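What follows is a single structure, and I will ask about it in a moment.
Think of it as A, B, C and D in the order they're written, each chain with its own count starting at 1.
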């Protein structure tokens, strides 16, 4: 770890060093998991999860209570700030009104049918490990050339189709701080994560799915507007948490924001500098736009911030991401 | 139950009566769950699952082994036999080749992005309870008029977004029969289901997710062709199993075929006669096109045909169905 | 014509009567073309065009100058005010960057490929005659039941695939008035149309494609915002112009606005009351969101407001509309 | 022109030399139009058309008869042989059945609405000049890097939005030969083109839109199957016609086949070798999948094979192609 970088016990925010391209490359080198699980590995930190972890996590199912962490696909969260993403388009191919009009005679069955068209990163989603590159390289050293118009030949989301299962932990930062939500630009530090976990009485363990709540979604819903949510300013993880993630050996990092990391970007030298490191160097799976309102309320009520977590992406070979409806089961 | 209908202990296939419109309406009346869980109910047989069932099912996680039951979305299974369904279209919005060409400078991050456009019933999927009507009525008496071009105002798949969790049971009919797959037109009887379960040493219980294997997918893959799979002839559940489903009080019925029920249709008076009953009258959730090859092999190896089952649909309000990647966890 | 309705020579705006449901039904009855061209007719006022008209219109091609009246499909004009329409999504299926990365080897050709997904009414478009109903009836008495999830069985846009050719006339209302654009809510009267034509020195003839300029698009572009353009307030044709249209026996009416008619609606008893009449009763083809800036400037310069007009819709059977790139040729 | 290449007067098919990579590069060099119309040119051979040509072509409108050359978008011509192209998906956003069910109350208007999703090259279409590259270069020397996931920054179809107008000429090869259609693999030679034109009594002139009929579509329709049409074997232009095209200085070349040129490919060293030359070197606009049945019948009847031709692509900035419904007006 580069000298001076606060990866744990960083009580003082003043210790936070400025982020820069140099800091990005230092972090990428220091935190690299390339080769750690073999030169052919396509799963990254998901490798931290053992079968025993899954069995143990199943023991967290004590009440038979299930929380859906998928935001409604009818929330119009895209407002054109990033890329060419659009709001999901749900269309019908057959309707009950057709049936009532007597039009469904061939074949002889009354039915409704529908379709969905959406960006894989358009709402609650997993980023695949082929989602972000650093200098033309993906996690484990694969060339970005392997991701073309046909999709990702390596590191596609299909490799995770039976892997997103284990112990989930919620870190509810604003509730811990006694506020409704964090403000845009608030960078959650490694110290915040540790202190919040401690206050919540929950331990972060190797192989965990860590879900960070900022309250951003609830703020948007409360204000009646998603403008800026997708691609604008937001609270989120500070750059330094890349070190925390690596040290904790967690399996995945998730948040209720569009991009997990704090915005505006902590440097003008890069867009989403934390992304430059955590996906291509660390190889961590990232979950974004998680809807955690009810889960967070329940955790606050029963003081239990851990749960069985199952969040299967679609079986989409070559996908750079996947819509998902994660399940937290207590 | 109408006299003469074999719903249990039907050892003799010769007892099978011909299916007809009259038989459909008799079954719909005999098996109706309308009002059973309140006149506002939108979940149907999923109500059979109790929190205790979920906790108990979690105990089936003993090895930390996970099976993905989602067929690859790149398998071209649609060949135009039903409705307007198309094969999923996966397209990129940003690529690694763009990054390598130096085109990703604004914003300053190298990344891949993608999209998916597909019928909700185009591959492995849940049918919502608003998917099939009987004489203009949906489950629980809701009018088909509630499903228009905007989607389903009632019985949409969103009601299941945190409900598809419980005990899963695989009934591997061809393996029990000692064959690779069932032939098209083979109607699996209630007796088959009971006998297979007995032979497998597994009990069917209230609230179960029952997954029936026919081997149809493996046949298509083995033959190198999906022609006829989606909408053509197939092995599947005989009409009489509607009675079995109702009596067993299972939560959901799933299969590795396009439409669960046997094809050709057992009568010329209706297309998919079993569908006319099980969705609108019984209110059962149906899973189709489940990929069960590896799960079935594992069950055959360890003789354990039960598992923890988690199959969250997308959070798609008004959806008549949803793509899903079900997880069987042992 | 109902007593008191000003269809021509209405110099005084004060003569404009309030629009109401009653006025709508009176107009629909008075202006109905049902049966006029046979009970099987599916073309409506396009029947006004004769082969001789087309030959004569060809004579307007004197300079070999062509104007494209299709707005760029990359203008983000949809902002969610109407229906479920989205902005066109243009995506690539193969790229030059893929080629440069050496990925296009099978088949052995370097190429780019792309796709478009858009509402048929999402940008410059023709409305088909099956686009609007009055009390469940379409033009010529066809039932609205003929338009279901499969498209329009009658009056689809395919009937116009070789019909949108003839004499085009531009009526540039704001330029005639000496202003840059009309304000929202300004209802263009029949008198305005007549006076503008007279001032421009152009005659409106039977079978014409009449294109009305309001300047709305130029206002949006000038203001750097399309908010409100699609579905919000706008200048446009007053309800009374339905009478003018009928009397003039024009083939089609087009405008540079989202919906041709003035907004806010002239009555609270109906949304787009003029639409209730002109499509289902008169059977007129309507062109919307036409981009006329350069054509208008050219007409102003050479004082020639007539031209050869060719605006073929896509050959889309059952289409309720079609994107189009109309050509005005002088 | 490379020695031995038959570009004109090639009466003897036996003179046809084998196609090879070397022949491709020789042709590309010999026929290159790079720089011919300025180093910034983005229109290629469309530059051959003069305003006077357009005025003259208008004179061909003598009967007021219009032919639509757009194949129905509901013909399922894609069968998976090339790229990721799919058959157009036409879906409704609002229907008459909804209206009849009383569901269209807000806003208060009864209407139908729809959408289209299709590959730009999925049916009758123009190829843009950015559609094909030769060794990473586009027409006029532009780098293929200019065509990425955002579309073509150069040579996009938008440059043709007001250019596809002029004199059209049909060359009906099978009718000239006295057969219904050409067989797959039949390579139409320069001599064929010249002889057919002569027999038809029509002259090929600079700036023409030349449309070649092979009868392939009629064969598919007659056989009730499109299998192989899109991407399989076909009759079409022989490689040598690249020289003919260049010499004749035509504006565009179009055909009723999927890819204009003969298939199987004339060499194993390249896929569609003619494409390697005519788009990137010559810079010619290419129209494919033109539906010419009725136009051809009419031309045969009145012996007039020339007409006014208007075929506007959609105004799609960056498009590598565009669906189109070309109009032939006599």
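Convention: contacts are C-beta pairs under 8 Å (C-beta built on N, C-alpha and C of every residue); 3 or more make two chains touch, one makes a residue touch a chain.
Just so we're clear, the structure is a prediction, and the values are computed from it rather than from any experiment.
Relative orientation of subunit A and subunit B, expressed as the C-alpha superposition rotation angle, is 180° to the nearest 5. With centres set at the average Cα position, the gap from subunit C to subunit D is 29 Å. Centre-to-centre spacing of subunit A and subunit C amounts to 45 Å, using the average Cα coordinate of each chain.
Note: centroid distance subunit A to subunit D, computed from Cα atoms, is 46 Å. Across the assembly, subunit A contributes residues 84, 91-98, 100-101, 103, 113, 115, 117, 145, 148-150 that each touch 2 or more other chains. Taken pairwise by the contact criterion, the protein chains are fully connected, each one touching every other. For subunit B in complex with subunit A, the touching residues are 50-55, 58-59, 61-68, 70-74, 82-85, 88, 90-97, 99-100, 107-122, 124, 130-136, 138, 143-152, 158, 161-163, 165, 269-272, 275-276, 291, 308, 310, 312-321, 323, 325-327, 329.
The touching residues of subunit B, counted against subunit C in their complex, run 84, 91-93, 95-98, 100-101, 103, 115, 117, 149-150.
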